[in-house]
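The structure under discussion appears below in the form of structure tokens.
Every chain is named by a letter (A, B and C) in the order it is written, and numbering of its residues begins at 1.
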């Protein structure tokens, strides 16, 4: 085995410009979808209307126990075939799929955060005669979000790490680009190793930092 | 009334065309899940125990394994092992072996965190009582700590097994003929994307339910062993939707 | 008053502390502590919390490491072995040999929740001493009868009351046939109505005079009943040492008087 350094230098440019840009896009927009839609799901789950909370719970369960990859196929290949025949680009379908998948994880994170707010807080808000919406926006959610922070960080890292699954529906992220580069020469060692290290180098320190944060928030 | 074989090619329409293939794929998915789970459990036990060792070198090796395999997703590791590693080792692994190996290594790393956390959650006085009764270090672990820690491993372990099941779909990317692969093949020949991907998702969902149910029995058994009563009936939600205090059980694989 | 001769193991004493220091970081819990206990002597350690009483028991049980000094048990170094002229920390094999002589009952019972009552008692004799299971079970049943829980053998420990759990824990410690029994505030986690049963049992065991007993307790009547010597501790040092009748009725030291008064008021 010998490592082709010249080629490595050459393709690294492409890997870390176009590929990296796509991976960053997926991570950022995927996380935005996951955080916002997840909050919506968490609130729907707490709805007093039975069918709403039941539907939310089943949706979360279903999405969490089926593979992201199949969900991506569904969004990318199925949506165009059924009315109203929405044709999404691979990147959009991927971001949406990744975001919705992890929204079902964030929903649980928020739920744990909300459950962690002491009941006295609700009672105090009622005693102060705060309207329901105000109670949630200025008393409950800020506390719940603070508690949820480390777990949300974990979800963000998970979205980043799982973003390569989009390469299977033809998105050219870091891994997709590496695959393509490899197939050009029928030699995958260099591009896949560099791409793999890229994920390790970012994800491992991020996880360690989140664990620190977790420990700090415990006290 | 005749029983209907859900895998029969005589079923009407798309079902008849697709189900025989999907069923073949489901068997492969189950096999890869079981193989990956077996390897993951062994690795989790070994690395989890090693990470509580007094010898720093043993601990460090376990730590490196855990961080390394949790640092990237199954797909990246799978691609590397299947496409890149042959350039180093000189031969290519069979796709199914590469799949089981990667899933085992990856989920085993998450699992060892569960094992470690559960061992550390056993109250210190239990260890001290073991010392006072003159058990050896090995006997303390085997007879006192592990049986108690096991109970705490089950709920986060269940979540990980479901993550493992889901991750098996990725082996389709290296052309293992699992359920996801078969779905793609069938779709490309007969179309009907909605029905076929829909059926496949439902089967994955049902498989996850089977895992949850089996693990709930394991959990109940384990809880009775340490004299804890578990509620016979839980609120109608899955065990893994209540994140365990360990981070491994919380926000999924992260 | 302790005729400590030249350094080195001495079989005249069951327990011997020689200049024992125990520190946790900056906090000195035991400060060059010397004391001796004769075989079959029953000693109660009293003193304000944080005075180091429990630490003494935990050091003897090898649950903590000594900072400096030496402890001997039955003429053997507890956690050191002699190598040439030097004392070096002992290995696990040595520790396990010395531990055979010592049993301990904890404040929180610490029964094993993954075993039934009988198993809690037999597991250590079978595994650690290599006794045949049948023999260990016969002995365990005998002990259970003695502690008045003969019919609870197959129960799960969590189904027992605190007092019953503690009596099982006592049986479990005795099953190992120790020469020394360490009692660490064994009744302070119990509901008041359950204290008497456990104390009666221990009085009975103590009165047989077979065991060397070291007991940490805040119950002065109990201390007086089971011990023939009381050590008053404060700040890691022995303040006063004497028979219970004397310490409890006419203590010499002001600190002992203050402590006893505070206890009686509570």
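Going forward, contacts are C-beta pairs under 8 Å (C-beta built on N, C-alpha and C of every residue); 3 or more make two chains touch, one makes a residue touch a chain.
Because the structure is predicted, anything quoted here is derived from the model rather than measured.
A.B. asks: As a test of whether you follow the contact definition, which chain pair has the most C-beta contact pairs?
C.D. replies: So the pair of chains linked by the most contacts is A-B.
A.B. asks: Closest chain to the overall C-alpha centroid, by per-chain C-alpha centroid: which is it?
C.D. replies: The most central chain here turns out to be B.
A.B. asks: Could you please state the distance in Å, as a whole number, between where the Cα atoms of chain A are centred and where those of chain B are centred?
C.D. replies: Distance between chain centres: 20 Å.
A.B. asks: Whole-Å distance, chain A centre to chain C centre, using C-alpha means?
C.D. replies: Centre-to-centre distance between chain A and chain C: 56 Å.
A.B. asks: From the C-alpha centre of chain B to that of chain C, how far is it in Å?
C.D. replies: Averaging C-alpha atoms per chain gives centres 47 Å apart.
A.B. asks: Can you list the chain B residues in contact with two or more other chains?
C.D. replies: Residues: none.
A.B. asks: For the complex, give me every residue of chain C touching chain B.
C.D. replies: Interface residues on the chain C side: 61-63, 92, 96, 99-100, 102-104, 106, 108, 110-114, 123-124, 127-129, 156-159, 172-173, 176.
A.B. asks: Taking the complex as given, what residues does chain B use to touch chain C?
C.D. replies: 125-126, 128-129, 131-137, 139, 143-144, 147-148, 225-228
A.B. asks: Where on chain A does chain B make contact in their complex?
C.D. replies: Residue positions touching the partner: 1, 57, 60-62, 64-71, 73-74, 77-78, 81-82, 102, 105-106, 108-109, 112, 150-152, 154-155, 157-158, 161-162, 164-165, 167-168, 175, 179, 182, 187-189, 192-193, 195-196, 199-200, 203-204, 207-208, 211, 214.
A.B. asks: Enumerate the contact residues on chain B facing chain A in the complex.
C.D. replies: 67-68, 70-73, 75-77, 79-80, 83-84, 87-88, 162, 165-170, 172-173, 180, 183-184, 187, 191, 193-194, 197-198, 200-201, 204-205, 208-209, 237-238, 240-241, 243, 247, 250-254
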